[in-house]
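The letters A, B, C, D and E name the chains in turn, as written, and every chain counts its residues from 1.
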Amino acid sequence: MTTLLAQAKIEGPEIDWAGLSPLIALIGGSVIVLLLGLFRARPVREHLVPFVALAAIGAALGLTIWQWGENVDLIRGAMRLDDLTLALTGLFCAAGIATVLLSWRHIAPRESAHGEFYSLLLASLAGMVVLVGATDLITLFLGLELLSIPLYVLCATEMRREGALESGLKYLIIGSVGSATLLFGTAFIYGAAGSTNFAEIAAAIADEGISDSALLLTGVGLAVIGLAFKASVAPFHQWTPDVYEGAPTPVTAFMAVATKVAAIGITLRLFDVALIGVSDVWQPAIAILAAITIIVGNVGALGQSSLKRMLAYSGVAQAGYLLAGVVVASQAGVEAAVFYLAAYTVMNLAAFAVIVARQAQRPDGDDIGALRGLGTERPLLAWPLTLAMLGLAGFPLTAGFIGKFALIQASVEGDYTWLGVMIVIGSMISLGYYLKVVATMWMTSSPEPGEAKPAGIAPGPPVMAGGSPEADDARAPWEVVLVGGVFGLLILAIGVYPQPLFDLAQDAAASLSGLL
Amino acid sequence: MTTVLAEVGFYEPVWIQILKALVIFAVGLQIVPIVLLAERKILGRFQQRYGPNRVGPFGALQPLADIGKLLWKEEFRPKTSIGFLFVLAPIISIITATATLAAVPFGNVVDIFGEPVGLYGIDVNIGILYVFAFGAIAFYGLVLGGWASGSKYSFLGAMRAAAQLISYEVAGGLAVVGVVMMAGSLSLTEIVEAQAADGMWFVVPQFVGFLVFLTAAFAETNRAPFDLAEADAELVGGYNTEYGGGGFATYFMAEYLNIVVLSAITATLFLGGWLLPFGIDPPTWVDPLVVIAKIGALSFFFIWIRATLPRLRYDQLMSFGWKILLPLATINTLVTAILVVVW
Amino acid sequence: MAIGWYLAVSVIIFCIGLSGVLVRRNPLVILLCLELMLNAANLALIAFSRMHGNGDGQIFAIIVMVVAACEVTVGLGLIVAIYRRKLPIDVDELKALNG
Amino acid sequence: MTLHLSIMLWLPAAFALLGALLPGKLPGRIAILGSLLTLAYAVVYVVDFDTGKDGLQYLTDEAWIEALGINYKLGIDGLNLFLILLTALLWFGATLWANLKEWEHARTFFLWLGIGETAVLGALLAQDLALFVVFFDLMLVPFFFITVGWGGKDRVPAVTKLVIYTLVGSLLMLTAAVATGVLAAEGTGNPVDFDLSVIQASGLSEGSQKWIFLFFAAAFLVKMPAVPLHGWLPDGYSAMPLPALALFSGVLSKVAAYGFLRISLPLFPDAAADFQELMLILALVSILYGSVMAFSQTNARLILGYSSIAQLGFITLGIFAIEGTGAQGAILQSVNHGLVTLPAMFILALLAARAGGSEDIRDMGGIAFKAPVLAVFFVITTFALLAMPGSSNFVGEFLILLGVFKTQMAIAIIASIGVVLASVYALRLFIRAMHNRVGADVDSRDLSLADGVILVPVVLLIIAFGLYPQLALERGEKATAAVVAPARAILGEPTGNYGLAEEEAEAAAEEPAGAAPQIDPTTGQPIDPATGQTADPSAQGAPPAGGELIYVDPTSGQQVAPGTPGAIAIDPATGQPVEDPAAGAVNEVTP
Amino acid sequence: MLRSYLPALVFVLLGAGIGTLFAFANRMLGTKRRVPHKADPYECGLPSEVKHNFKFGISFYLIAMLFILFDLEVVFLFPVALQLASFGTFALIEIGVFITLLAVAFVYVWRRGALSWT
């Protein structure tokens, strides 16, 4: 009676602690924050906890910058620390910092014990870092779930509001179906390739001629579907608007931004590294998904009166744009995708910051009608949102324009010109809703006194006590306004001088070798 | 070929496997009425009375009479019950008990009439996990029974049983981790052999683990002082309130079989299984007897505790499990890990 | 090794789980069906692991178990929270978001 | 390499931003100052422009986004010189005009106005395809906000319609532009570069040219607007505040026409030749439709709006004559129409103020009796609008028709009807507003001093320009000839019709090295075909050692004696124009 | 191999056999005198309130959740424990980190009052 391995000496894997340091900072922060949340003193819970969370994210960001340019395998090929990982980690940290600031005085952390809220946030961030660094199917799945599960809870943190719990449960169910599908797909890929390591899968596809094995193709198909759920790609996007609307707004902002970055990031790595050998199979499939997503997202957004729902659909559409960068599987594609992810992050955070601020002022702050007159009364809030909307719509001199430009260029270069045209068509449709928001904000009061509301604008704000713009003297927390302002400026800055960001994106793209 | 969990390569021809299973089953089942009777007699002695002494010499046939009585009862069940599950639940209980019996090693591989035969039902590389797996299924036997009865006492009993079982399963499981670390195997026979190799029973280095495991075993078998699931004073009979006749007999038998099996497992993990102390190396045919003797001793301990300790309050039960046993088991694991690696 | 049989079982379980998620109303049952889906994948993983003779699939399976447990825990937590708020425990009745 | 173009480009936006930070009436004043400085810059450029030089002047060329191959390349040549002047002028006028009125949230208003000027100037100056797209799209943003914030009734649906129309075009253009850059780079093995001259040098296959041309055309035609893409016009014109509308109609539409000249013709010559007829017919339809609609409207704004459709039809006609004369006429006409639009809109505002706020010509009438000065200005504007002989509009339309006549006689003849129709609607507007019965709510009075300050210079300019259109023609001719040359070559016609261009083309045809003069994309200097090196600009000042310079009259193409005014020096060895040492012109402007 | 599990199957079958035998013994051996009240659930002699839908109390869900989490601890510890000796220090660190994280969770759960039953 022998055990095969009990006798064999197993070497512990080499661990590159420096490479793991951003992750360690996040997880350590999560633990500390959780414990700090146990203290009874209000100032500790309400201010020290978010501050420590900020510090942890800041440390992770600093370590990320410190590690820039490193290209090393961590933990025996389970994760890879390269510029793609680091660039996306930077985005996560930005989103994390913004989310902490947005939640600082929000009701959600108060209702869910501060420690828990921020701890979950940090854990989710850690999951994202794991996910985008994953070079192994196991790490991929682990990262995905470490990302998702805290988010399920975060969605439900505003427990007293009816929609919150519901959105959490809904997200959990749909998200788990997505995870399970992805898992099943990865199981098949493993079955076909005989390894869970990306590099080995790619080698197996290249060497063993399994590129047309039914097992592998089924696996790839299921994996596409699973990731589509996470990235809210149509037709697997239906949960998105409901969940976005139900979740507390800072969490929505986080989900909208960071989850998408993570999902697209791992899609890039999985398809462009592990499955590059079967690119002629998945390229058309993802391209078609992207096209459907662009149309469905944009058309869906048209009829929305809730800003959060609108941004949810817009996020669906943006995921479609981003997929174009995945489809072409070229350096330019990855570069464009990374750039657009950054632009997307900046634009959405600016927009959500304004929504959070507006919600602090008015109970219907999420409704498009709550924005009326914002331009003249609160220009500090109106400008970021304006820039965000223009950027998302792809107006020039904003980050969004450059990003779309890069994506279209990558599509054309990758012989997917029609996808570039789809991006443009999507942008055209999107004008309909982005401009509606901008117009609502900047319209001065109607000249005709009898005219209650101008035609073409969504129904005005419900009349309620204190609902009139003059009466709302509740001031938006300054840190929220700060977030909006900073990211609003960034939209412009990237739009005017994108070269540094492109350099980063180029480095990130260069870390994926073996592209088409 | 690399497998993480070790592979056990040895197994006998099919006919021997079946035959030995039947034998072990028969022997194991014989121990149950003995323990049953012993409990009643010993409890009687503890409480200054005789215990059963009418049926057969010294009441020796009392268990048989009890079973006969139960089987000749009229079959009835509450109209609120869910028939299929109501019938199934006790069957699950007895199945898990007997299935666990298969893992108990009564000795190592011996030659019987020229054929090597393992003196155990099965010896697999995941022996401990096998035990825990069936332990987890046993949970369904109790909860389904209580829930399917459609009676509030049954249901309350089932809930308590559920909470108690899962609470103590954690601690029990953790307590074994230390043993696994020291033995480097999950196979029960290999654990015994590891104790032989170390020259000391694991109860010595793993004394904390032993205590925790034993306590958990009391809770897992719903024995006093953890018999809240069937606390007759509060819940009439707990999850088996509505059972009479065969169903009750099955539950009863399963419970006592569980005592036997858990005693055996405890003996295997901590008390050296078929080993004798002080390096005494008897002929192999003695091994099963050693195991049975240890089972007997532990069963006596079970009964002794029942006679001695009062029943815990429910919150005490849970607090004890979570706040004392769990940290204790964890610390034990950690310390063991350090010791194993450092040595 | 006749991997086909393992796969067939795994696919069937997966499909049962998926259809359960889509069809059933009770969130507890939906959670169970989710578990079913994950465990179907586990079965496939372990079957493949044996086929290839390497341990990757087994490690994967253990991690999947953990993840599954976490999902269920969170799911249970949410259900309990909804229950506390006396919301209907039926996903079709959760209509506040017009899902 | 010079910073001056960048300074001019960003000046209005910078002043507007500065103004936005200041309180009270200062933003308006600052905006005037900004637009005035810009105007000064533009005037200096016109004066300093070196007519004899080929290619771009005052070139600024920096890499903007290396990763995408986008350059920050600005330059002035004959095509955009006067359009820049027009832009600066009209913006100055409109800013003055806007200062006459109290605006709610004036700071934001002037901010948008300044950004708008920068955007338009950027589109005109851009010598990089992507940069052009950026500014072209950006032009819309300020007008969107101005209309949303300060527009008339139903402004939101109107402006949404406008923006969607124009941005749909722009976005198509974006795709087309990206495709152009990528496809042009594909064959060469170079990285993608959106520099216009680089793209032109590498060229595109005929198949890709076609769809790309159509995408670009869609964007330009919407912006103009041309039939059938003019659907936004009635709503948009009604909703915009008048000063903005004057700019929108006077300047922004010209950028679209300019786009055809700058981008479509040189970059996609095959497609331009293929679609020539289509474009001509569209132009023709626009002329007729615009004229007829202008005649049947009663709202003065819409009369002007539809008239601009007709006018831009003429401009398009000139461009797609694919012929030097027509193109020159198109540029001239662009400037003319812009010059007319501002006073026309301004007068419209004055009329509306006198007619109780109504802009309907049925509510006007008889205003002239009490406002003779206004009437005089109005009549001059009207005459310019209907292209009276003697006005520069006449010259423009004449050149256009001449150009078309050479290639497409039938279309030219039909287009002439448009000229007649123009007089009909222009005169109708004038008569109904100024004469006739006095309208019910009309309370006529003459110009105020402030009104005069705005109106007088512009009207004087119209007159001056009518008297001396050569100012623009001279400076534009080289560029226009170069622009139409590739497409003309495709059509199989001799390149250019003006002496110089013709001769140059002939000389080029004889040369084995290459057909068209080569321009170095980085310096904007002509490349010496013999050596393949960029001719050193400083060396150009001196006559080449090889031989004597030949002096050519640009209008006749005949060789003239050295020292003749306006003559261009040509180096016989290279066939390239060089700096005339006799004239002693400077290369760079130093204002 | 799977053949090692054959005896287990025998045990399961035997257990099931006994269970089934007992379950149906009453039907064959027992008396049959139907009285309606026999079919009432036990209610200590009070008239029975028949209820069908019992629900688990919330605290039980809490326990269930805790169980799941901490049982996973065991799931992870077993494989590591198995190879502890051969992995050496690495596994020790691993276990240390793992248990520390769990300890944090445990402390949190304790302090938040999830472990107190009233």
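Convention: a residue touches a chain if its C-beta (ideal position, glycine included) is under 8 Å from a C-beta of that chain, and two chains touch if they have at least 3 such contacts.
Here the structure is a predicted model, which means the values were calculated and not measured.
Participant: Relative to chain D, which chain has the most distant C-alpha mean position?
Facilitator: Max centre-to-centre separation from chain D belongs to B.
Participant: Between which chains do we find the greatest number of C-beta pairs in contact?
Facilitator: B-E
Participant: By CA centroids, point me to the most central chain in this structure.
Facilitator: Chain A is the most central one.
Participant: Among the chains here, which has the CA centroid at the largest distance from chain A's centroid?
Facilitator: B
Participant: Indicate the whole-number Å distance between the mean C-alpha point of chain A and the mean C-alpha point of chain D.
Facilitator: Averaging C-alpha atoms per chain gives centres 44 Å apart.
Participant: Starting from the mean Cα coordinates of chain A and chain C, work out the distance between those two points in Å.
Facilitator: Centre separation, chain A to chain C: 25 Å.
Participant: Can you give the whole-Å distance between the Cα centres of chain D and chain E?
Facilitator: 82
Participant: Roughly how far is chain A from chain E, going centre to centre by Cα mean, in whole Å?
Facilitator: A distance of 40 Å separates the two centres.
Participant: Please output the residue numbers of chain A that touch at least 2 other chains, ranges allowed.
Facilitator: 5-6 - these are the residues of chain A that touch more than one other chain.
Participant: Going through chain B residue by residue, note those that touch at least 2 other chains and give them in order.
Facilitator: Touching at least two other chains: 1-6, 8-10, 123, 184-185.
Participant: Which chain D residues sit where two or more other chains touch them?
Facilitator: Touching at least two other chains: none.
Participant: Within the complex, which stretch of chain E touches chain C?
Facilitator: For chain E paired with chain C, touching residues are 58, 61-62, 64-65, 68-69, 71-72, 75-76, 79.
Participant: Would you tell me which residues of chain B are touching chain E in their complex?
Facilitator: It comes out as residues 4-6, 8-11, 14, 17-18, 20-22, 24-25, 71-81, 87, 90-99, 101-103, 121-124, 128-130, 147, 149-155, 159, 162-163, 166-167, 169-170, 173-174, 177-178, 180-181, 184-186, 236, 241-242, 244-247, 249-250, 253, 314-315, 318-319, 322-323, 326-327, 330, 333-334, 337-338, 340-341.
Participant: If we count contacts the way the header does, which residues on chain A are in touch with chain D in the complex?
Facilitator: Chain A residues touching chain D: 335, 375-376, 379, 390, 393-397, 401-402, 404-406, 408-409, 412-413, 417, 420-421, 423-424, 427-428, 431-432, 435-436, 438-439, 442-444, 447-448, 454-457, 498-499, 502-503, 505-506.
Participant: Considering only the defined contacts, which chain A positions touch chain C in the complex?
Facilitator: These residues of chain A touch chain C: 137-138, 141-142, 145, 149, 152-153, 156, 159, 162-163, 165-170, 172-173, 176-177, 179-181, 183-184, 186-188, 190-191, 194-196, 238-239, 242, 245-246.
Participant: If we count contacts the way the header does, which residues on chain E are in touch with chain B in the complex?
Facilitator: Checking each residue of chain E against chain B gives 1, 3-8, 10-12, 14-16, 18-27, 29-34, 38-44, 50-52, 54, 56-57, 59-60, 63-64, 66-67, 70-71, 73-74, 77-79, 81-85, 88-89, 91-92, 95-96, 99, 102-103, 106, 110, 115-118.
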